[in-house]
Amino acid sequence: MTQQVRIGLIGTGRIGQVHALSIDALKNTTLQWVCDPFIESAERTAAQFGGRVTADPADVLAAGDVDAVIIASPTATHVDLISAAIDAGIPALCEKPIDLDIARVDALREKAAGASVPIVLGFNRRFDRHFTDLQQRVAAGEIGRLEQLTITSRDPAESPAAYLATSGGIFRDMTIHDFDIARFFLPDIVEVTARGAAVFSEIVPGLGDYDSVMVVLRGANDELISITNSRHAAYGYDQRIEAFGSEGLLQVGNQTDTAVRHWGADAVESLAPYQNFFLERYAEAYRSELVEFVKAVQGEPSRSPGFEDGRAALVLADAAELSSRTGAAVAVDLS
Amino acid sequence: MTQQVRIGLIGTGRIGQVHALSIDALKNTTLQWVCDPFIESAERTAAQFGGRVTADPADVLAAGDVDAVIIASPTATHVDLISAAIDAGIPALCEKPIDLDIARVDALREKAAGASVPIVLGFNRRFDRHFTDLQQRVAAGEIGRLEQLTITSRDPAESPAAYLATSGGIFRDMTIHDFDIARFFLPDIVEVTARGAAVFSEIVPGLGDYDSVMVVLRGANDELISITNSRHAAYGYDQRIEAFGSEGLLQVGNQTDTAVRHWGADAVESLAPYQNFFLERYAEAYRSELVEFVKAVQGEPSRSPGFEDGRAALVLADAAELSSRTGAAVAVDLS
Amino acid sequence: MTQQVRIGLIGTGRIGQVHALSIDALKNTTLQWVCDPFIESAERTAAQFGGRVTADPADVLAAGDVDAVIIASPTATHVDLISAAIDAGIPALCEKPIDLDIARVDALREKAAGASVPIVLGFNRRFDRHFTDLQQRVAAGEIGRLEQLTITSRDPAESPAAYLATSGGIFRDMTIHDFDIARFFLPDIVEVTARGAAVFSEIVPGLGDYDSVMVVLRGANDELISITNSRHAAYGYDQRIEAFGSEGLLQVGNQTDTAVRHWGADAVESLAPYQNFFLERYAEAYRSELVEFVKAVQGEPSRSPGFEDGRAALVLADAAELSSRTGAAVAVDLS
Amino acid sequence: MTQQVRIGLIGTGRIGQVHALSIDALKNTTLQWVCDPFIESAERTAAQFGGRVTADPADVLAAGDVDAVIIASPTATHVDLISAAIDAGIPALCEKPIDLDIARVDALREKAAGASVPIVLGFNRRFDRHFTDLQQRVAAGEIGRLEQLTITSRDPAESPAAYLATSGGIFRDMTIHDFDIARFFLPDIVEVTARGAAVFSEIVPGLGDYDSVMVVLRGANDELISITNSRHAAYGYDQRIEAFGSEGLLQVGNQTDTAVRHWGADAVESLAPYQNFFLERYAEAYRSELVEFVKAVQGEPSRSPGFEDGRAALVLADAAELSSRTGAAVAVDLS
């Protein structure tokens, strides 16, 4: 008999919907509460997947009938909600980033470290089975010592202007996933160099932001890590990793929905364009993320990244921002 | 609110376990009865997935609390069980083949045609999403008129001697899947030519059977279809289809669990060996097969192949057997 | 100091031009004579690549200044020219087929066997470096015992009606290359089964010919060989081989001029269409063919196929023709 | 009748041998002089490919019977030899780098700009047909505006200690090729950021050099270019380019000698390891390089890079060296 884990979902936007779907798909999770100040959205979600409805997260934490919460509300609310979850003794899965302001994150750091319940971060890519297999094989020494890591990450299309304006900039919003993936392989990063450019967007120049960046990280043992980002890609969502070591290379390319290849008069061995965006590409990873969170909630060993991982990614993003402005490499200390 | 479909599972061998897993995985299916004359196996399955237990299929059909049955018992029992299910007015999903003796199948044919409930066949490959995508794109005219179809199907390792002895021979046991896949694209086959050989097995020569066969089918509009089978393959389960048409070619190759490619001192761009066998390769297809059967049970449009498809595959297998012995092409009429 | 081999080229059509180019490209071959009854063509070729001109092959053989001849004239002239070359003691490379009539080939057989000079056949595909590598690795036991061979060969577009009318039919004109490739791996073929269809051509039905065929050969040790041919392919020249053995599989796919892959909005990982036809696909193979012929001329070990290989391919083509008409497998004896 | 171009080859080391082979392979080039102070090497080369022998380059330039020289002697001699060739009015193809000291290069710059004969640089990769195809398709707008370029370049194994000690460091010796390839696509580079590490070599730490570097360049229109280098790679010579534009991506991967793929018990779809090193990978490119140089010598339009390209690559290497030491981005002006 599986023990049901009753989940309170805080935030029902795009990513909240993903979590609702995962909760519905798993046999041992129940959507107990749906919370959103935009109450119609909460009600629609509850109508589809079940659960009680409220506009106030405090109701969820106080109800006494939730075993865990998923924090998928706007970034500015994350710190307070994590803090409240810790106070309530309720495990929390919080979407990235913890906050756009490292000072606010650091103010919560000690409390998070001392929390009696798991506080985990929603870095979904760590749960992709291809990336997981890659990481495990690198860790198992299949390519000897890891020397270089190459991460390519391009979104299919630029986000709307309103989103970009409050995103915290490309490093804190988009590259932050790649910083975490870099740390999935090499947790201890010591230096950040970043260059940025605005080459196609009509929006980001006005924000002082970039739409194209290249970052070089250095690991504690002199590993070099390259991250390439673009806010658009004509061919779809581009998500690739290469790990180069003293004895070989391991590579994960893009994934397709079907394996059908087409040979025609204009081109051969063509695949249909890549999966459109993260909802499709990481659909299975989001479910695995929830499975691992449930393990943590139930006190079992879990692969979920924690608060410190969320903080580290933000520290790297801040360093990249600084480096991109000054042109200088920035030393970082994640300890 | 989803309507639960209560299923009686008859037979709890290897394939029965697959169905039990699928029933457990779907939200709208319940394992209501588990039936196996080897009662300990039925009990183990019920302990894991739920359901009442019996050694007698008649109990399942008479209980009044099942909405459908899955017939996964030995081939020799299929005809009687289908007949009994029709009598009981209970939809049935029957594993292939219907029987090894076409006379017994034909004796049931009229009754099956007049059945008031859906009788569908377990040709799992039709539900693989890659093959489904391929078939739909061919049907949509993406490569013009279909002219040639190439089906490669090799098992990873030979089945045990006891299995082979009662399998009905390679054409009725193994190629039967490929005959059905051929008919998935071209339902109306008019001619069968087959050549067989025994090149590695220590078992099949004693059975007068083959371990290596090549078959050429002809469709009603002079399409040519090649099927290549081997009872073993050092690199794993080999399942590929190519559809060649007047305007191009569509191809589905083998699938891998992870997309990680390895580059090392001995070889480059290597993938891990293919998924071991049908349980892994078609795990998702078995679930889709059940989803489509449930649709049929609920009176919705369904892609499930029916009794006539099961009969046609056996007619083709018999023709292949005859052709392989005489060396002559055999005309068939599937109508 | 390399010894120049002075070559007389008989026939300056499409394939004759290929040989002229190869002679010009090699440092140790000289185009000494150019012969064509269509004298303007001979003159144009000589103007470009050098050599004396004549309309009469007898002039070439009698001149005393040629070390070898290449017979690239119409098929009907091959037998007489080979015979004359043997009489003159001049090594000959003859294009396939030797003749369309096996009786005429057999009439020359004893003389060819007793010839004091090398008589080699122009089966260019044996010299493709990919196919050569494949054959050598199979021969070296890399995949254990060879059990199944799969040859796919599709022309980009149907030949003109005039060509087809005198081609001898698809088996003697097109499949003959695949018969030879089959024998490159398995020289001793014992049985031929063939099915043919006319599915797109407006020409071949009037000729009683096919545009789509599938052939199954059996080797002396029960190896099975599948050949699939089509007279057209929207995506270009399709030339693939798979060798399946007890310990694995080796595969050669189609070749492209450049390795550039394109990722766009409509498709990803696309290559430019395949090399158009045999002149492009086998350009390098034709040069290697000449290199091996020169070795034979100079008395060195050579990989060139001989008269018996040319005869064997025609025997198999005749058997395929018969099988395709009667529907029965045809036993052959190539000894 | 082709006009023979008589070439004097100065330097007969590893790269000199490559040029001798190319001269021998082309029909319109003759090896007229072979020059090396190590006279036995010159004599061996002349014995194989022809030509008069001398230890003194002045003999070659003064002989009056050479139409062009190839300067393949040690780097320290390049500036003087280019200068002398200009004085003698003899076209020169000089191996990279022009010199390790930009001051010496700049001292020659004006003279080179005013030279009456072509002075071209041996950046062989520009002549690889895959890279050429890629560059032409980018230039033709196939992927819209070029936004990001990713160059991966790893040597199969570290060079000997003696070579490394006088190489000028990884940026001037190895990355210099990638700087030129970057400029093949984007001639006007304005900024260089570089990070280096010594992760495996037992030699380079003692030299203050790196064995692993990542460089980010910025083009004049804010294009970003990533270069990844390693002095070793277990799987062979790694030479890849990706061009990302507003409308798609074009990619060239590594090349293999044969297209045979192996499927076995340990791995599937494996290729033999990549071509070992530049002599194999760029054998054809070296011939094309010579063809283009010959065109320049004969006054025809030529794709050969010139003195300014050689200088620009060194300027970028110097900037990378500086950036790797200071951690700061370095602005460059190549005009």
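What to note about this one:
Order of writing sets the labels: A, B, C and D. Residues in every chain begin at 1.
Note that in this section a residue touches a chain if its C-beta (ideal position, glycine included) is under 8 Å from a C-beta of that chain, and two chains touch if they have at least 3 such contacts.
Given the structure is predicted, the values throughout are model-derived calculations rather than measurements.
Placing every chain at the mean of its C-alpha atoms, the farthest one from chain B is found to be D.
Rotating chain B by 180 degrees superposes its CA atoms on those of chain D, with the angle stated to the nearest 5. Rounded to whole angstrom units, the spacing between the C-alpha centres of chain A and chain C is 58. Rounded to whole angstrom units, the spacing between the C-alpha centres of chain C and chain D is 41. Counting partner chains per residue, chain A has residues 143, 234-235, 247-249, 262-265 touching two or more of them.
Of all residues in chain C, only 234-236, 254, 256, 262-274 touch chain A in the complex they form. On the side of chain A, the complex with chain B involves touching residues 129-130, 133-134, 137, 142-143, 247-253, 255, 257-265. Contact residues of chain B toward chain C in the complex are 143-145, 147-148, 150, 152, 154, 191, 193, 195, 197-200, 212-214, 216, 218, 221-224, 226, 228, 230, 232-235, 238, 244-249, 327-329.
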